[in-house]
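Two complexes follow with subunit A in common, the first pairing it with subunit B and the second with subunit C.
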Partner chain A sequence: MNEMSNKWIGKNTIRPDGAEKVTGRAEYAADTTMPGMLWGKILRSPYPHATIKSIDTKKAESLPGVHAVATHDDSVDFPLDTPVILGIQDMRWMARNVLAKEKVLFHGHPIAAVAAKTEEIAQKACELIEVDYEVHDWAIEINDAIKDDAPILHDFIKFDGKPSNIAGTLEHKKGDIDKGFEEADVIIEKDFETAAVHQGYLENHACLVSVAPDDKTVIWSSSQGQFMVRAMTSFITGIPQSNIRAIPAEIGGGFGGKTIVYLEPVAAILSKKSGRPVKMMMTREEVMRASGPTSASKSTVKIGATKDGKIIAAKGVFYLQAGAFPGSPIRGAAGCCLAPYDIPNAHTLGYDVVSNRSKVAAYRAPGAPIGAYAVECVLDEIAESLNICPLEFRLKNAAKEGTKAVHGPTYPKMGYVETLEAALKNPHYKLPLKKCQGRGVASGFWFNAGGESCAQVNITEDGNVAVTTGHPDIGGSRASIANITAELLGIDINRVSVTIGDTASIGFSNLTGGSRVLFASALVVTESTKQVIDILKDRAAKIWNIDKEAIDWENGVAKPAGDNAGKFKPLTLAEIADQATPTGGPIGAGHQVNTVGAEGGFATHICDVEVDVELGIARILKYTAIQDVGKAIHPAYVEGQLQGGVVQGIGWALNEEYIYNDKGKLDNPGFLDYRIPVCSDLPMIDTVIVEVPNPKHPQGVRGVGEVPIVPPLAAIANAIYNAVGKRFYSLPMSPPKVLEGLEQK
Partner chain B sequence: MTETQYLSPKTIDEAVNLYSKNQGQSKILAGGTDLLVQIRSGVLSPETIIDIKNIKEISEIKNNGEGSFTIGAAVSGASLEENEEFKDYWPGVLEALRLIGSEQIQGRASLGGNLCNASPAGDSVPALIASGATANVQGPNGKRNLPVEEIHAGPGKTNLKNDEILINFDFPTKEQGSADAYLRMIPRTEMDIAVVGCAVNITMDEDTCINARVALGAVAPTAVLVNEAAKLLIGTKLDNDVIEKAAKCCEDACNPINDKRGTIFYRKRVSGVLFKRALKIAVERAKR
Partner chain C sequence: MSKKIHVTTSINGEETEYLCEPYDTMLDVLRNQLNLTGSKEVCSSGDCGACSVTLNDRLVCSCLMLAAEAEGQEIRTIEGMTENGNFHVLQQKFLEHAALQCGICTPGMLVAAKALLDKNPSPTETEIRFWLAGNLCRCTGYDKIVRAVQAASEEIKESA
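Now for the complex of A and B:
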């Protein structure tokens, strides 16, 4: 496709969901109601760790207004010794996270649920449920969970042959690490810590579920995947998937946190028991206490380089908290941390550690920021010790086409070097700095992803285009798909509308996550649209009574390929649609495939900070995010993704953290004391979009949303060091920590 | 579902009568920016809410001349902001009040509510104390006038009797060459709660400090009037060593805790820093 001739790809077209959202018409899960609807509430554990000896629901059931009470006994049993894998989740853990079975494993762990006439009655009934606990010691922090005499969360998890809270490991190896370090002229090894941080989506989890007497089930909910909701609800309730229709509501942010279920199966159980539709909404406090943050971590990174600035060996060990059940994103930490570099000898190792916290959920490039934070900080120290510009140092060691990555693949054409060159050229990098101001840089990588996607492209009777895909739109996929469809058909963007189908109206499409959606859905939409164009040509051929091969589709019309084909007035899409019935019927095509060919994305960030050394406050002065996105189908959305990722990274670096009290209870379950950045904390985040097209994708798409949260942690840490001459190895770099560190200097 | 009775008296006597009749079961509603949050989160469930915003004395701003004002307990931050004279005379009190919550909250949040909520971190409280304002309270047994620093008894507790209502604040006549200032430390830039707050009210005769009041918030169970720091400043030309000693007094006046918002070390150190910065602003304003 010729870049310059693009009419819609690469244009900032008006977002299709904009008007509905700004006028309050967009329907979110919390907006849904049904006649006869009940309200569901959840009873949560008051202890961080206890065995459930018994649950007595009699008093709750007899409270007037209560229609149903549910416990784990009402759900399908998943024996502990039999894994049931769904995507990256295991239904053994998912079912026990939704409603605790043998044990409660964190403060706020759901134990039972009530459906009642009002929320107040449901809440009151929850308080009437009597649970007999045997309370155990608990472990919140990684060091407490991995020490020899740590309280064990799950007896059946063994490590080194003994019961352990280490639930798994993952490692990548390349070359000979010992030999590499022997050849190094400079070796730096440091320990790092990061705190657990929440995705902080604006919209709390909510759903409405109706189970009819014949088990036909309808779910309206806020999620990143209606098919994930359908499958998990089916697993936990035993209702077959074919009986469940999951309708994706508009979504008020997810960032990975809505890739699993919390409420839907519970509401389904309550609905089935009560015979009424059941609505459930979490409070912000419930979201903070019991929905997934991402892991806290501790790590050690050791890197060796030769005196001429070549990285020759690198080792990283990462412990990531999984929360109550196995499954922390060690792959993101151990797999992404060295991906930007061409390193001959390397070893990365991740440990999955369970502890008495809420189960982690995916969060934007899961695990990758943790790994990059440690590696990119150590690289800054090596560059400093070798007296090389940190960008030149990275450039010298940059992975490129043909490099064998530490995590396995050999790279095709990719754009990491281009991000470094753009950073070096960017005027930001040369701006003068004042006292107590500093500049830091860091790079980052995310795999991106393919997977199952379906699309249906239909020509309407009036000659317009209705596209249906199966992925909730959390980052601009509808606008981008509209751009691509209009481009391929050669028609005006306003003639294309894109809808996210429910599970009954489109085939299985994997959830929105991993920066996969535009990559995958563009592939299936492109293929469907090509088929539609083929049909349109066929219909024109019938109308003109000539061969289909003698017809070209150009700028939205069918026309004879040349003079030999005959002289006909070109037929527009509308004209062909008008003749659809006599020429063979409705015009449309669908495509469904497991998409492959996703390629990674790289970014380099430049950050300036100013530190108030008397108060320990670091403020971001200027920030530039440079990223290879493959191809920006809708640049304003791409820019928004870059800015959003950076801002979440800034929060992670400076103030956000889960703080537990001495009872093992989260002490800051709200946005007052869990401090995500507010607008006035931030400068405008500048972006530079680099486009090195993914050679395995028709439009060159790589994926955008995850990479921008990977570099900020280290870029900010390096900038603070540059400003005050003191390195901080623990996040968040909150004012008390920074002031104390500065005093110890 | 529990039902709450809402009452909206038009006079102080009526309010006092209703409040004393429903002792223990009723709460006073001014702006409601703390009370309604506490009700929603289940911390409080009062049987009766007595809204005092419709009482003239409690909602009015009276300019008594020469910097003396009588400000109703329920006057909102946004309304006080519109009073140019008050802004000229008491910029420190106004800037403290204006730091509470968001723009929307400012349409309701009041000095009286901030004081009676009795959070050690209430922003306007140190500024009120530094200003030398007094509080007029009224109960069935009559009226009392107390210095603001005597209102707080501890976190969430005041020295008001169970049947007393805060009516308004009297601000003293402004001394020639005086000005006030308030600063707080928060990790973010807005929408946050003070980790440390410091108010300074200073009177300058040329380069000599002739009067001073210093108050700290969020560093002890109640806001603290730091007389020792003020004493050090009075009669000096505010040389650096005097300021440093006074800053040390502020650190020593702190009796903070380690909590999710800050450490003992941090709060002490920042008290001194904010004192120095607030003092500088107050002195600049006083000399203007």
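Now for the complex of A and C:
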């Protein structure tokens, strides 16, 4: 496609769902109702670790207004010794996370649920449920969970032949690490820690579920995947997928945290038992206690370089906390941390550690910020000790087309070097700094992803276009899909509508996550639209009674390819649609495929901070995020992804943390004490979009959303060092910690 | 069982009556009784601004206000923001500037931003940032929201 002639791709069009969202009409899961609806509430564990000896629900059941009570016994049983894998999740854990079975494993773990006439009655009934517990010692922090005499969460998890809280490992190796370090002139090794942080989507988990007496089930819910909701609900309730229609409500943010279910199977069980639709909504406190977050971590990174600035060996060991059940994002930490560099000898190793906290869920580039934080901070120290500019140092070691990455692949064309060059050229990098101000840089990588995707493109009877895809739109992907469809068909954007289909109206489409949605939906929408154009040409051929090959599709009309084809007045989309019935029937096409060819994305960030040395507050003065996105289909929403990711990274670096008390209970389950960045904390976030097209994608798309959260943790830590001459190795760099550090200096 | 309270109030310029429990918040009644679900419930503790409405032109968190307190007062919500079927300039600028991603914070942001511009049609960037500090957004990093409010302010000044 000729870049210059693009009319819609690369344009900041108004999103198709915008009007509904600025008028308050958009329907989120909590905004839905059904006739005869009941309200569901969950009883949660008051202990971080206990065996459930018995549950007595009689008193709750007899409270007036209560219609059903559910416990794990009402769900399908998944024996502990048989894995049941769905995507990256194991249904053994998922079922026990949704309703505890043998044990409660964290404070806030769901034990039972009630459906009643009102939320108040449901809540009261929960308090009447009697649970007999045998309380055990617990382990919250990684160090407590991995020590020799740690309380064991799951007896059947073994490490080195012994019961352990280390549930798994993952490793990448390249070259000869020992030899590499022998050849190094400078070696720096440091330990790092990061606190658990929550995705912080504003919309609390919510759903409305109706199970009819014949098991026909309708689910409205807030999720990053209606098909995931259907599959997991089916597994846990035993209702076949064909009986479940899962409707993707508008979603109020997810960032990975809504890639698993919490409420839907419980509401389905309550609905089946009560014979009424059941609505469930978490409170913010429940969201904080029992959903997400991402892992806390501890890690050690050692890097060796030669005098002339070549990285020759790198080793990283990462312990990531998984919460109550196995499955922390060690792949992101150990896999992404060295990806931007061409390093001959390397070894990364990740440990998945369970402890008595809520089960972690994916969070934007899961694991990658943790790995990059440690590596990019050590690189800053090496650059300093060699007296090289940190960007030039990275440039000297940058991975390029043909580099074999530590995590395995050999890179095709990719744009990391371009982000570094853009950073070096950016005026921001040269701006003068005052006292207590400092500048830091860091880079980051995310794999991006493909996977199952479906699209249907239909021509309406009046000659407009209705596109349906299967991935929930969280950040404006419908606008990009409209841009692509309008471009390919050569019509005005306002003639294209884009809808996210429910599980009954579009084929299986994988989750919205991993920066895969636009990559995958652009592929299937492009393919479907091409088929539609082919059909349109065929219909024009029938109308003119000439060969289809003699017809061109251009600027929204069918026209004869040349003089030999004959002289005909071009046919518009509307004119062809008008004759659809006599020429063969409705016009439309769909494509469904496992999309492949996703390629990684790289970013380099520049951050300026000012540290108030009296109060220990680090303020972001200026921030520039530079990223290779492949191709920006809708630049404003690409910028929005970069800005949003950066600000989540700022929160992670400076303020956000899960704080547990000595009873194993989360002490800050609300926005007052778990402080995400607010408008007055921040400057504008500048962005530079680099476009090195993904050669394996029709529009060159790579994926955007994950990468921008990867560099900020280290960029900010390096900037604080530059400002005050003190390095911090533990996140968040909150005011008390910064003050303490400055005093020790 | 407690006795319900009868309330007569004005919502988006329309006289409205409802019965509420003494403990019901304004947000409960808006969302669950009056079907005005544009105001969102996120924190229920005054920390996020997603439930922002105006009470006699003053910006309040409807989750912190009791429904009974609306008696004889004037409430305005996001549903009352369009004018004669047209977008308010802030709504238009939010769309043009891509100032929303998931959109869950958007109704509260718009109500809060309108309350600001009604009081101060030419706020500085700092004034905008501090005024909106009580309205959380996790998606946008606020950059485009601030720009949209600035653009709306420009347009209001031009047409004044």
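We take it that the second predicted complex is superposed on the first by the 745 of 745 C-alpha atoms of A that agree within 3 Å, B and C clash if a C-alpha of one lies under 4 Å from a C-alpha of the other, contacts with A are read in each partner's own complex, and residues count from 1 in each chain.
Following the convention adopted for this analysis, a contact is a pair of C-beta atoms (placed from the backbone, for glycine too) under 8 Å apart; a residue touches a chain by one contact, two chains touch by 3 or more.
Since this is a predicted model, take the numbers as computed values, not measurements.
**Student:** A:Glu461 contacts which: subunit B (first), subunit C (second), both, neither?
**Tutor:** neither
**Student:** With the two structures laid over each other on chain A, which partner does A:Asn655 touch: subunit B (first), subunit C (second), both, or neither?
**Tutor:** It touches subunit B, and subunit C stays clear.
**Student:** Thinking of the overlay built on chain A, is A:Asp132 touched by subunit B (first), by subunit C (second), by both, or by neither?
**Tutor:** Touch status of A:Asp132: no partner.
**Student:** Is A:Gly252 touching the first partner subunit B, the second partner subunit C, both, or neither of them?
**Tutor:** The answer is second: A:Gly252 touches subunit C but not subunit B.
**Student:** Under the stated touch criterion, which partner chain does A:Leu672 make contact with: subunit B (first), subunit C (second), both, or neither?
**Tutor:** Both: A:Leu672 reaches subunit B and subunit C.
**Student:** Please name the chain, subunit B or subunit C, that touches the greater number of residues in subunit A.
**Tutor:** Partner touching more subunit A residues in the overlay: C.
**Student:** A:Tyr201 in the overlay: touching subunit B, subunit C, both, or neither? Say first, second, both or neither.
**Tutor:** Only subunit C; A:Tyr201 stays clear of subunit B.
**Student:** Thinking of the overlay built on chain A, is A:Glu401 touched by subunit B (first), by subunit C (second), by both, or by neither?
**Tutor:** A:Glu401 contacts neither subunit B nor subunit C.
**Student:** Thinking of the overlay built on chain A, is A:Gly644 touched by subunit B (first), by subunit C (second), by both, or by neither?
**Tutor:** A:Gly644 sits against subunit C, while subunit B stays out of touch.
**Student:** So, A:Ser680: does it touch subunit B (first), subunit C (second), both, or neither?
**Tutor:** Both subunit B and subunit C are touched by A:Ser680.
**Student:** What part of subunit A is shared between its subunit B contacts and its subunit C contacts?
**Tutor:** Shared contact residues on subunit A: 672, 677-678, 680-681.
**Student:** Could you pull out which subunit A residues touch subunit C in their complex?
**Tutor:** Residues 12, 14-15, 17-19, 21-28, 30-31, 199-204, 250-255, 281, 283-284, 474-476, 634, 636-637, 639-641, 643-648, 670-672, 676-682, 684-685.
**Student:** Contact residues on subunit C for subunit A in the complex?
**Tutor:** It is residues 31, 36-45, 47-48, 50, 77-79, 81-82, 87, 91, 94-98, 100-107, 110, 126, 128-130, 132-147 of subunit C that touch subunit A.
**Student:** Which residues of subunit A touch subunit B in their complex?
**Tutor:** 118, 120-121, 614-617, 619, 654-655, 659, 667-668, 672-673, 675, 677-678, 680-681, 734-736, 739-740, 743
**Student:** Which of the residues in subunit B end up touching subunit A in this complex?
**Tutor:** Answer in residue numbers: 1, 185, 187-193, 195, 260-263, 265-266, 269-270, 273.
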